[in-house]
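Before we start, here is the structure in question, set down as structure tokens.
Letters A, B, C, D and E mark the chains as written, and numbering starts fresh at 1 in each.
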Amino acid sequence: MKYLLQRLAFYLVTAWAAITINFLIPRLMPGDPVQALIARFQGQLDTSAIASLKALFGLDKHQSIWQQYTDYWGHLLDGDLGLSFTFFPTPVSEVIAQSLPWTLALVGITTLISFVLGTGIGVFTGWRRGSWMDSLLPVTTFISAIPYFWLGLIAISLFAVKWPLFPAAGGYDNSLVPAFDWPFISSALYHGVLPGLTIVLSAVAGWILGMRNMMVTVSSEDYVMVAQAKGLSERRVMFGYAARNAILPNISGFALSLGFIVGGTLLVEMVFSYPGIGYQLFQGVGAKDYPLMQGVFLIITLSVLAANLLADVLYMILDPRTRREA
Amino acid sequence: MAVTAPEVAVLATADTPAPSKRRFRFLRGRKTVIGLGILLFFVLIAVIGPWIAPYDPDTMGKELLQPPSGAHWFGTTQTGQDVLSQILVGTRGVLVVGFTAGILATILSVLIGVSAGFLGGTADEVLSLLSNVFLVIPGLPLIIIIASFVSDAGDLLIATVIALTSWAWGARVLRAQTLSLRRRDYVEAARATGESTWRIILFEVMPNLTAVIASGFVGTVIFAILSEITLAFIGVADISNWNWGTVLFWAQSNQALAQGAWWWFVPAGLCIALLGMSLALINFGIDEFVNPRLRTETGGSRKVRMRVGFTPVARATDKAGARGRHDKETRS
Amino acid sequence: MSEQLEKNHVVLEARGVTKHFAVRRTGRDLLAGKRRTVHAVDDVSLTLRRGTVTALVGESGSGKSTVARLLAQLYPLTEGEIHLGGKPVKAGRGRSFRSYVRRVQLIFQDPFASLNPVHTVRYHLTRALKIHGRAGSGEAELEQNLTALLNRVQLTPPHQYLDKFPHELSGGQRQRVAIARALGADPQVLLADEPVSMLDVSIRLGVLNLLKDLKDRMHLAILYITHDIASARYFADSTLVMYAGRIVEGGDSETVTQRPAHPYTQLLIASAPDPDRVVAEAEQEETGSGEPPSLIAPPAGCRFHPRCPKAMERCRTELPPRFDLADGQWAACWLYADGRAADHEKEAAK
Amino acid sequence: AGCSSANSNANKGGSAASGILTLGKPDGPQTNNSNPFLSTSAGATLGYRYMIYEPLAMTSQIRPADKADPWLATSWKWDLNFTKVTFTLDDKAKWADGKPLTAEDVAFTFNLLKKHPALNGNGIAFGGVEVQGKKVVLTFDDSQYVNQNKIIQQFIVPKHIWEGVKNPETWPNRTPVGSGPYKLKTFTPQTTTLTATPTYWKGATKVKELRYSTYNDNSAATTALAGGKLEWSFVFMPNYKQLYIAKDPKNHKLWFPSGLGIHGLWFNTARKPFDNPALRKAMAMVVDRNAIYTQAEATLYPEITNPTGIPLPAGKSFIAPEYKNATTKPDVEGAKKILDKAGFTLSGGVLKDPSGKPVKLTFTDPAGWNDYITGLAIIKDNIKKLGIEAKVKTQTAEAWGADVANGNFDATLHWTNSGATPYDMYQNIMDGALLQPIGKASQLGNFGRFKNTEATEALKDFASATTDTARITAMNTLQKIMVEQAPMIPTAAAPIGAEYSTKNWVGWPTEADPYADPQHTQPSSLEVVLKLKPSK
Amino acid sequence: MSEPVLSISGLNVDYGTGDDAVHALRDIDLTLHRGEVLGLAGESGSGKSTLAYAVTRLLSPPGVITGGEVRYHQRGGEALDLLTLSAPELRAFRWQELSIVFQGAMNSLNPVHTVHSQLTDVLQAHRPEMKRAQRTARAEELLKLVGISADRLGAYPHQLSGGMRQRVMIAMALALEPEIVIMDEPTTALDVVMQRQILRQLVKLREELGFSVVFITHDISLLIEFSDRIAIMYGGRIVEEAGSSDIYRDPRHPYSDGLLHSFPALHGPRRELSGIPGSPPHLSAMPAGCAFHLRCAKKVEGCDTHVPVLAAPDGDSSRSVACWLHREAPAAARA
């Protein structure tokens, strides 16, 4: 039991430390939310509104950081993330709930696609080493080095403006409301194509390279040689032996990257006006919206921890060696 | 007596990293050479960029938003600034931040990762916890926040912040590597000889991590450069310091692409991609050096397709044939 | 006479040395609340004398290397004591550890792994000399000492080897460098952990001859660990046989190999490949079936009893103590509980 | 079942035939919050609160001197030196749920503001609120001359709904009911759709549906505008002629008039040598406002041509006689003379202050506010001619905001408040009553620590004056101080602009017919929407 | 002597292509007879494994077969040139006719598949007509054959001890009852007790099934004890080949002689151990002439210039040796 408790304690301490840092950092920033709000309106909001906003956000009463910290934990343990300043008085949980699914869907699906695609291509390039596929490598390195906001903007200017094949902005058509019906889902998919493509394009290279290298390494393992010697079909050897083993490190990398999905891809969301959580966080940072920042950080932290756990579990399932029995 | 030992040679290439004479052997790969070539080019630009820049990048000229021409190779901006000069001058900032962050993060990750791996026990627990916390904390937002901490977000500050948020991964990898090295016989042997712990870490363990550290360093540099450019692009970093990110920032906030001014937007992005690619290629070279199985280049001129499990049969034509004939002669 | 005394003087002694390793526990253990350990070495006593080679043989995983590392103070003891020159020593750090390793040096099993690939021969040897204050003063003296060291392990001419990296040397040469490094401390005891198992047939002999030579010339006490019992016969003065963490038999090498007393030793000898084997394959008795025991939950009583063809009832429950036989031979086996059985056994062996 | 039909009758894009108008700007995703009092609500951010809640009277910022149009109130009367106002309500006015809109509702609204300072965004000190039949009487302790427009344009909320709200400060008001012609149809973070109420008390509207969209950044909004996806917006765009107009020259229109708010270079007058008015004035004389207008502001922020900083034509009636025809042509020689007279010396291209120290300064502004940064770059270029070396430093918006409030800057481009008279902007710049020591945050204004009793007095006089002549005198004094002392160099007027398309809808306010502020987040956007009709 | 089952002639193998190529096998001529155990010995790096893998073209890159022939003689009598088979033909041939137990059984089993799946997938590939249940039954049978209880079928390799894994590999090699089994150092990782158990089992099986074995090991004593015939390799060539007792009692090649004088014997009188001086040459820097001449005590004129050919010494046709000691002088040979 002790080991399990130790592991759990480790995760808890990590979570505690991360959450505390997440709490402190926004508060160490200069400026305050009201000022940020005023600045956002650049003159269209009178300075006379300052007093009312301070009263609104409850910033007129001074609290020590420690007091705020204990309050924060108190509320957190009640499941209350507080009210966002930027969207006052919308609860942070609601802001997150409305933007998280978009990020999860876009980044989740594209992460999955790039993982599957990259791993697949990686399997073949690794297996057929020395064939023409090796010439894919420099291309992929080049693509992987392109910052994806740049790629996204180029994509917009080409495929949304020059040849208007895809919408340039948004997560769905403005005439629709989110619902589980065909018009909405098809529109969401259609809007997701361009941002999705840029993410896939810039992320896929990493998976290809990783998988290829693992494939090459594993291909010279004895058990692959044995499989060849056994006269098994090429498919069986390639997938059942080489890829099956080579994929292990990629799988845990994949699980970890699932954790970072929640962090969103700020830049893609920004460039494509995508209603996801990454942009929301960016706005929160700009507006010094402590509750929102903390809330998003919390979600990210927890999901990264969860992804770590998932990676452990996945590895355990896929690699019998880690499944030790007595 | 000739001191050559075949079995030794195989082992040496298989898993022993970098004996110093061969330490630079990774330079032999074609990828590495191309990567280093591009990198050197950019380093050169970083050094002499401000001198060879044809214009002051800040100076607003009369020719507004002109496409590339003889006078302005990369065209001009909305305010008549010379894009080429901005990119030339901006190279230094990119490389300074990238390498400073890379060096700082590498130092941090080595300090923490190697100590954690080698010391074990409570020290390991604490240090692993530390790196895990830093892994879990969302990186880019943290950089954005810390960068806005200090009113004057200069290059070095940005680099430091990037380093602070990016060392954890390397520390984790190094810890794992160190853990496996710690159990190696030669480390134990050094201990049995009576070496002190710090000497073992410094002189027995660390040199064997060179390749891992190097590839971690290159990875961090890529990450740092992309982060810096991203920060500049979203306007968090100091916009008055020229770097490729600021060029992109100005281009984007003036909607260069929509205005058809591709020359303002495209070159900086390509430079980033090229630099990133060069670093990735170098990293590749290091990987191949560490794990020779990954090498793709086949030295020979003869085109024999290697295929796992089906050894090619290339019946002697040129040299091997000559040798075969020679052997036969001796035999008869 | 005094030479003789000097020669058999006990330098290093292990008394009831025990080492248990904690095992990473599985989920099931956690639920059961069990704390499991590997009983790698249990109650091992041995003495190393000047100018003699003591062989320690036994199957893979029987704890031979662990004994060596315990003697080199690389692991803390779970129980027991180690005496150096008659005085008990405590596993320490820093200075006390250094003064210990100056007198007791360990040569690792694998010459391919025990030299750091990034350092030259010169570095390895210089460090060994410097740590133990034997580098001399000045470059010239150091060079002289290095040369002497290499000469002693017959790596001649020395200058050819000094600046080589390990990967540029053959296995035998590497093993010699490892030995030279150990000699750099000018120790009284050499613990050689399977010094030849990784080497080629043709190189092995050179290393073993070197060890023998060192023993003769420098009166080193050498612990020679191996599972090649034939080489123990050739190179060791006395031989100890280990099984599952315990020493089960000991004595003069020739006696132990030619007239093994413990059923395990007998099995070992019977299994060793031998081109001169006279007994036809089919006639051999079917001994040695079954797997080596788990060290996490070692069998009660004699650890060999599950595989022993001569197992008796008391073997299952009672741990056999040492029973002394003729010619300084002893065995931990109930067969020899009364002297007659032993005599009988010896008769049979003849 | 309700879900599956949610989008079944959705139709794409705006068109006159469908009666849809698409509008919006780059505000980022919104949350479902239609509380009109909160500037953080979607209703306020997107501006649709004015389609639901109507004001007592409709004012215009671009025509501040004109009389407001009656709306819920048919008339209003200021008494007793602007300490009392009486509203007479329109009988016809009624709420969207059919209930009549009464004086009770008006009184309730003002009482709500009085009771909840957090909702009182204009910070008006309300006194008594009294219902007299169809009339509502408000009384105040001080003259509300400068706040008069803010008071009469107050929108009114229904008492029968709001009186049941426990805490109006945190009430998201998800199904807003107002007296206006539209009601909320659907809300999504990306788009808010309003649909026309057929029973609107002023009669049916032509625009049947308003679709407010948000974008994450300017370029996305610009793309949408250029592609015709967005018909009415307010986006700052460089080179709008190419990016927007050229895409459909016939229909794509843009009008950026200004009110009485400006942007300008604020000096920290508590720092040497910027405490020297001669230096400030000289610098003001060399700034090339036209370059700022064309290069930094892409000709969207109206140029300030009058040295008093009052934007024209909005503030035409306020300009003092001596500045009626003054212009702001850069005058390097004149500036040099002034400096010379004040004891500054120019040697080797470096200006030295009377104590012999070279004049140097650092401009600061948030990184990413590129019109400001470009403006600073231009000013830097301009003052170089006087031998002044300037550096442009960017900060994060937060750090900059704190530094400006604390007086920790040399000079910075910043905006002013705006109002019905130039009082708001001058008060923001020069009011000694707002003065805070350096290091203590001065959030309400006077970031430059401008200390001038004459100015402070004049401001006070203007606000509390009982006669127009007294006001004019005070206003003239303020203008004189602004020109002579230059506590801040005006660089551009704050526009209340909009881009709009006449493809589907016509009837937009134009320079020729400035019947309302063209921006869709302004109260008068309701006037615009009511005036729109299909183009064919 | 019975009929041949595998004959290798003039086999050459390179590692790498072009100028960096290492010539690992040189003109190997070797015949394996039906039902015999052929031992292969030699120093580490002498090319034993390379030879074993080259036969079925399993050399991993950058290995290239640059010449020679490998003929497999089917029971009917028809010979098959393995080096000309296409990939599908080769796949069908492998394991069906020739199986290999690789050096280091620890890594030869796929760690992520169960023993069951690794035993049955070979059946699935070569005996598609077999039902699932039949395959499982066969797998159980095979495990029992090598002395492992059938309930370990579901185990993963890491759950088995080294000896068990080794035996699983042997069971797998016998799954299709092939004609030839190549065993590359199948017992190095095991201790002597286990080693003897396994080999004893193997001998028994060979008697039952009648396959031929190529047995590779460093351990000369073991080799002599277990094999019928022994080939000694040095520097990529076979230097001597003879019946095992012939080699033991009367080695003709100086290298074989050195080998036999390098290991101590457990029984009998203490022998003089002389060993072999020097260290083996590197493949990429082979000395001219006989590869062994630098270490050879019995070097004669011509050893350093001319490569000796493997041939019967002194007219004894049952064995062959490649050494100038047993042939006319090289100068004469040339003439």
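The rule is simple: contacts are C-beta pairs under 8 Å (C-beta built on N, C-alpha and C of every residue); 3 or more make two chains touch, one makes a residue touch a chain.
The model shown is predicted, which means the values in this text are computed figures rather than measured ones.
Engineer: Keeping to the contact definition above, tell me which chains border both chain B and chain D.
Structural biologist: Per touch definition, common to chain B and chain D: A.
Engineer: What's the fewest number of moves from chain D to chain E, given that each move must go to a chain touching the current one?
Structural biologist: 2
Engineer: Looking across all chain pairs, point out the one with the most C-beta pairs in contact.
Structural biologist: A-D
Engineer: Would you mind pulling out the distance in Å between where the CA atoms of chain B average out and where those of chain E do?
Structural biologist: Computed value for the inter-centroid distance: 45 Å.
Engineer: How big is the gap, in whole Å, between where the Cα atoms of chain C centre and where those of chain D centre?
Structural biologist: 90
Engineer: Compute the distance, rounded to whole Å, between the mean C-alpha positions of chain A and chain D.
Structural biologist: 38
Engineer: Once you find the CA centre of chain A and the CA centre of chain C, what distance in Å lies between them?
Structural biologist: So the centre of chain A lies 56 Å away from the centre of chain C.
Engineer: Which residues does chain D have that touch at least 2 chains other than itself?
Structural biologist: Where chain D meets two or more other chains at a single residue, that happens at 219, 223, 226, 366, 397-399, 403.
Engineer: Scan chain C for residues touching two or more other chains and write them down.
Structural biologist: 170-171, 173, 200
Engineer: Return the residues of chain E touching two or more other chains; collapse runs of consecutive numbers into ranges.
Structural biologist: 44, 53, 58, 60-61, 87, 90, 279-280
Engineer: Give every residue of chain B touching chain E within the complex, in rising order.
Structural biologist: For this pair, the touching residues of chain B are 1-7, 9-10, 298-302, 304, 306-316, 320-321, 323-324, 327, 330-331.
Engineer: Enumerate the contact residues on chain C facing chain E in the complex.
Structural biologist: By the definition above, chain C touches chain E via 59-60, 170-173, 200-206, 209, 227, 229-231, 233-235, 257-258, 267-277, 281, 288-289, 291-292.
Engineer: Quick check: in the complex, which residue numbers of chain A touch chain E?
Structural biologist: Where chain A meets chain E, its residues are 129-130, 219-223, 225-234, 236, 240-241, 244-245, 248, 318-321, 323, 325.
Engineer: Would you pull the chain B residues touching chain D in the complex into a rising list?
Structural biologist: Interface residues on the chain B side: 58, 60, 64-65, 78-79, 147-153, 234-240, 249-250, 252-255, 258-260.
Engineer: Mind pulling up the chain A residues that touch chain B in the complex?
Structural biologist: Per the stated touch rule, the residues are 10, 13-15, 17-18, 21-22, 25-26, 28-30, 127-131, 134, 137-138, 141-147, 149-150, 153-154, 156-157, 161, 209, 213, 216-217, 219-220, 224-225, 227-229, 237, 242, 260, 263, 266-267, 270, 281-282, 285, 293, 296-297, 300-301, 304-305.
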